[in-house]
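In the two assemblies presented below, chain A is common to both, partnered first by chain B and then by chain C.
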Partner chain A sequence: MIFFDIGLTLALSICVIGIVYRVARWSGKWTSRTPHLSSGFFLWIVRAVKAVILDVLFLARSGRTSFLRWLAHSLVFFGFMGLLLFHAMDETVTATFFPFYESTLDPWQFLRNLFGAMTLVGLALMVYRRVRSTKLRLLTHFQDWAALLIIGCILLSGFLLEASKIMSPAVFDRMTDEYFVPGEVGDLTALKAYWAHEYGVVFSVEYPRDEETLELGASLDEDSCVDCHASTATAFVSRPLATALGPVAFALNTSRADQVFWYFHVIFCFIALAALPFGKFFHPVSTPINLVARQGRRDDLEEFQPSDVLRGVGMDACTRCGECSLHCSVAPAFTVLGNQNILPSEKLVSLKQFQTGEQMSQASLTAFSEGSRICTECLRCTDLCPSGINLQDLWIASKAQITKRAPSPNDLLRKKTAAQRARVFDDLCKSSSILPAVAGLADDSASYWACVQCTTCTSVCPVVAVCEDPSRDLDLLPQQIMNLLRMGLKEETLGARMVWSCTTCYKCQEHCPQNIRVADVLYELRNTVAARVRDGGASCEGNGESL
Partner chain B sequence: MTRNDDIYDVMVIGAGFAGMAAALFASAQGLKVVQTGATGGIDFSTGFIDLMGVHPIAEGKRWQNPWLAIEAVIRDCPKHPYGLLSKDEIFESVDTFTRFLAEQGLEYVGHFARNTCSVTPAGTIKRTYRVPKTAWNGSLALGKKAPTLIVDFHGLKGFSGTQLVETQKHHWPELKTVRIQFPGGHGELYPEHMAWALADPTVQEKMIAAIMPHAVDVEYLGFPAVLGLNDPQKVVDHLAELSGKHVFEIPTMPPSIAGPRLRAVFDRGLPSLGVCTHSQKMVTDVQVLDSGMFEFSVGTGAAKLSVTAKKAILATGRFFGKGLQAERKKLVEPVFDLPVVQPEAREQWHGQEFFAPQGHPVNSAGIEVDERLRPMDASGRPAYDNLYAAGAILAHHDWMRMKCGAGLAIATAYKAVKELMR
Partner chain C sequence: MKYAYFPGCKIPHHLPEYGASVEAVCKALDIELVPLEFNCCGWPVRHENELASIFSAVRNLAVAEKAGLPIFTPCKCCFGNLKYAQSRLAEDEQLSIQVESLLAQDGLALPKSMNVYHMLTILDEQVGAELLHRQTANSLEGVKVACHYGCHALRPGNVTGFDDPMAPTVFERIMHAIGAEPVDWDLRLECCGYPLRGRDDTISEALMRKKLEDAASVGADVVATACTYCQLQFDKERDGLVYSDPLRKAPPAVLVSQILGIALGLDPKALGLDMNCIPWHGPGF
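Showing the complex of A and B:
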């Protein structure tokens, strides 16, 4: 068992070291520290117990999102926990509580199949859920598939191991060598015949199936085997699997498939153990801690302000179920801009990197910053999170920090004068890899040839109307913008606050006696700049002095 | 395209003076009326209703009595649209028109057989038939040469009290001016925004407080026409009460607020008379059905709709109203493609001198109509039995120089409806 011991030691070491490392990073690099007071401890305990029962054991918060998700997760949770405690840790757990425990006796054999089947069905539902929804499929990355795959492999290899043992004559021989003393010649044949018939062992030769032989076999089985072996019929997954594998049974038996599958099964278990501290594999540890610590409140009570460690727990508690992103109120912005950091589940990944001090490229920081900015703090993700993470607090607490590292191009631009902005926009256009993304009305002199500069657009403009001093507050007024554009001075207009203050109420366009598409043009100017800024936003810091 | 299954008695194409008047007169006759048209010239109107002011224009002769001027113009230019109308028709039409305006809260005043003199923002004197009541005190002050203060504002373009006083000082010595900071805004000012701000009594009070030190010895206070948008008379009355002076407005350079006030009256008033208005929409296509009725396509894009009418009045104006279009070589009428009376070649559109007092041949271009105001085709017969024309689109007049725009529009609209009823 050197292989097993070394493997277990290795996997356990990785697991322990990983957990220590991960827990150590829970405190993060938050700048807004808030005191963690602990009055009202008794109440906290009551709520925590409630959370353990409802949220941890019965996955109540998952149930709030969708029945399918709750069912899948419950199946995997109860199935896998059953296998872990009563099968994987049978020597320490099962044998302690049940002195006459044998893995091939019922109810253990039946329960093992039941738990395994539950887990597999749950996993299948999880895969179905991620494949069915296009949105969710986009959010599913390597670690999500890996987690499903590894658990799935453990289960499949386990069932194959059991099935291959059921049909293996080698395993049968090992047992009879050890535990069976044949009284007469023909006893062994009778036992083999009975086991082939009743237990599904597939021998290389056909044994007689007459009533007499089977009766003898049954009595021998009664004497020597039943104390430790229940009928394999209760292995309601493995036994049919063994039957199904009948056509290749001979090949499997000669190649000792039972030993091969054992290695597979054990290796997958080690991989899972070693992977526990990484990515979402950690959630069986972190999510219950978070659920107990926060008890799923939408905001924190005054006496339990989020401490940095709790924030770390929260970030680690994400199971990447994607519910937050599916229900995110600014998800349409992601559809348009394609920045995954707009979605909470993906932004959380960036936030974790950011808070644990991992290296992030400027591009990642910019994308993260944009996602952080676009969030409206509508509280929906926090309300919904099945893991009870205080996402709202994470978003708000990190906003200022990330803005410092990757400032909003809009903020940078707002501080400039209209002329400086115009120069920056011009620079962006020149430095960008693409041609101006929007070329349409504004560049076409035919859009304005009918303009008589009558000022109707400016007169009816409600934005101009609310300005105390329109030329000071808006830089240029609508009819002046139209005039500059028809002279080909588009760059001069881009930075004007009028362009950016337009509410697109369309009064100007509706009132224009010459049918000039004033509001459409203003909107297009904004889109022009937006395309340039997204393309080269980092260079918005300067004042466009290169001109 | 939205299909409107209603069949209207008359479609009025155009939303300027002529279009609004035609819709008003037709609905008064109990007809089922539909009207279309983008913001027409009415937004650019001074708010004055001219009947006939200058003839012959080459001499710049101004007339005190509009009726005599009309007689003269019919005598000298028999094809002038006024030649198709009787004096009674003209009088009745303008009277009905101003009565409607008064009912809607926009009162007009004037004399019967005499034009009223009014001061323009340039300081010149304009003769017109009817003026808004809010401008009336200005004409009285001008007549009496009374001590008057013209108020203007820092940042308002197109209105200069100094220019006004400079132009009038020899005739009107007691005219003076002051430029003040507008209490509702700084920097560049626009009439509509000022009008909104001045609807607020506290702004009015602040403004009067700033003016009073300069108005000790005057009887009249003249303002650019920015005194409220929807109910200017109320603002004028309140300012008069606050200051103890007679208050009046002078129209600003176009677009003056007087135009939108007129349009607002029709936007409010016509639908309540049962007129179906499709404002800000232009006719893009017309089909003549077998029954002889017209089927119009109105508007573009998603808002496009179809309108069927038994008869139509074409009141689309000239160039600014899009009733006439100047192509490279010729002028065209875009809705029905009617023949346009025009100089033979483009080089004859304009004379050598741009500011020539007699104007340019293109300024009299338009469509030819028979004595019942039905547009004629190339052979000189009515193009359609059920199509009538009114307003500036008619040929053989130069309303801008003759100062006959509003009167001509209103009177021909009246006549067109009358003929259409026969």
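Showing the complex of A and C:
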């Protein structure tokens, strides 16, 4: 038992220290909106109780997006909780409530198998769900498989342990040595015959199976065993498993497989306990807290602004189920651009790193910033999240902070002087991107052959019209940009504020007497810079301002 | 009349009153709106990458086609980008092939029919002025309405095919049908300035100011909008101005669906009128 005690102490210590560390980081490094939690205390309690019953116990939020996910999670949740409380903690929980508890009696033996089977079926459904959808498979990382694997191993080793005990003559001998006093010669043989026949013990020798012996065995069993042993038939998984292992029973019994599987079972349980504070393993703790704090809300109203700590709880409550990313409004942008930070579940990983002050490379910050910028705040992820995370608030509250660390091209040039702006994007490599960013109008001087520099585009431009001194405020005017492009001087136009202050009203294009697609071209110029920034903004030889 | 309802990204969180009023009005006018799981129209991401924008737009068209429904959108930017994507597909075969293979990843086919309508077009062509007039329970007689067109539905005219890009009339026809009095104003077709939010807030605000001052100068009671972004600019963003700013006194921006709802005698609360930041104290409520 030294092994067990040391292992438990070790796992528990890692678990407790990890939880303390994780909880301590909940407050994050937010610099925005002040929290606002309205509604009175009484109402809060009522809503919290409702959230515990509906969202925590019955996983109501999971059912909204996918019945399969709800079923899988419910099976694992109820199955595993049953095993945890009534099997793993049987001495403290079950024995307290049921003084005559014996793990080998019914209903415990039956329930253990039932809970175990439920968990295994649930896990199998979870694996199926992740494998079936291509999109979800791409979003499934190490920790997702690890969680399924560890819980799966606990269950499998548990069933193997029970099966190996059922068939083990050594375990039988240990019990009879302790609890059985044979009255006459032949009693033990009769009992063994009966147990081999009824309980599935596999002895190394064949015992007689005649009616008389079995009857004697049955009465001895009645006297000495049944008080603590229900028929193994109710172990509806382990007993058939023991039967299936029949051909190798002898090898298993002689190598004391029951002891080997016990070690496996206990070690996997310790691994799971120690892993609890890491990654998504923490969600059984953080998600219920978040669900209670959110009280069933699916929106992000101003009257319910979360505190920084609750934001931390929310970020930790992610189970990485991927529902948000499967339904994300801007997922098509991810399909094209390949930046995982566009998808909510993946952006959340970056946000957590960002807020807990972890080191992030400039490339990951740039990708994170683009993901944050592309989000349209459509609320869908927040509405769907089975863990009730207020993602909308997290996105909105973090946008300005991220831009400070990894500015968008637009932010970048606003801070520069006129001279710097002319060269601001010079040292970004020409995009090596395989994606054609644009229609290619800007690079094709034929697009401007018809331009007669009539200045119609500039004179109808509402942006030019509201500027006191357009050349000073916008660097270049629309017709000047067209002229530079006509001469193949695209690089000279990229930093001009006119390009970035275009309001996309299309008046220039509509009014152009020569049908030049002025507004479309300005879009293209912005796309060109965005592609270069996306490709890493690597420094090329040049005199410009570095990102 | 049955359409696939395309509210766009901003309505659920940023402008729920538009969603509420559109649904209420459509219900009253027997227009059935079917909610489908659309993605972003692709307009916001057009500043980043055109292919991402076009694929987003076409994916929606494919989803609608699969459901066998034409798209109904109350947002002009969504409408504009869905139309823009169509015109790009038509002119660029290479792009079509690229988008087709992207769609195939999601089990969708390149759409063929691609019917997209802005709400104003449906109200004008499918419902019609006559029916609107007959259904009007609360005539808006004497209410001077400055119709704000919104850029992305109107221009480029050869792409959107919404109305005459230089002299549109659809909005005024609808206002006229419910008894309101559309006013003529110089900056009727100018930009609201919202697309510059976050990129150049100074110019964005200047555009809004100029436009609203023009509407005030012709004595308009309300500025009617039919686009999510325009309303966000004229209502929510205007509300961010300092309290003493006289622009707050300029005509309030009211969504076309809210004005119509009032005319049809619907409950102002169901139309989300209490959610407008710059309130409209209209007739009869």
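Just so it is clear, the second predicted complex is superposed on the first by the 403 of 547 C-alpha atoms of A that agree within 3 Å, B and C clash if a C-alpha of one lies under 4 Å from a C-alpha of the other, contacts with A are read in each partner's own complex, and residues count from 1 in each chain.
In the analysis below, contacts are C-beta pairs under 8 Å (C-beta built on N, C-alpha and C of every residue); 3 or more make two chains touch, one makes a residue touch a chain.
What you see is a predicted model, and the numbers here were worked out from it, not measured in a lab.
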- request: For A:E377, decide between first (touching chain B), second (touching chain C), both and neither.
  value: second
Message: So in the superposed three-chain picture, is A:A331 touching just chain B, just chain C, both, or none of them (first/second/both/neither)?
response: second
Message: In the superposed model, which partner reaches more residues of chain A, chain B or chain C?
response: C
Query: Of the two partner chains, chain B (first) and chain C (second), which one does A:L477 touch, if any: first, second, both, or neither?
result: first
Field: First (chain B), second (chain C), both or neither touched by A:V463
entry: second
Message: For A:E510 in the superposed arrangement: first (chain B), second (chain C), both or neither?
response: both
Task: Scan A:T455 for contacts with chain B and chain C and give back first, second, both or neither.
output: first
Field: Intersection of the chain A residues that touch chain B with those that touch chain C
entry: 465, 467, 510
- prompt: Which of the residues in chain A come into contact with chain B in the complex?
  reply: 452, 454-456, 458-460, 464-465, 467-473, 477, 510-513, 515
Message: Please output the residues of chain A touching chain C within their complex, sorted ascending.
response: 134, 299-300, 327-333, 335-337, 370, 373-374, 376-380, 383, 392, 410, 414, 435-439, 462-463, 465-467, 497, 500-501, 503-507, 509-510, 517, 519, 523-524, 526-527, 530-531, 534
Chain A-touching residues of chain B, taken from the complex the two chains share: 38-41, 43-44, 185-188, 190-193, 196, 254-255, 280, 320
Task: Mind listing the chain C positions that touch chain A in their complex?
output: 9-10, 12-14, 37-40, 42, 44-52, 55-56, 59, 88, 92, 102, 105-106, 151-152, 154-157, 165-166, 190-191, 193, 195-196, 199-200, 203-204, 206-207, 210
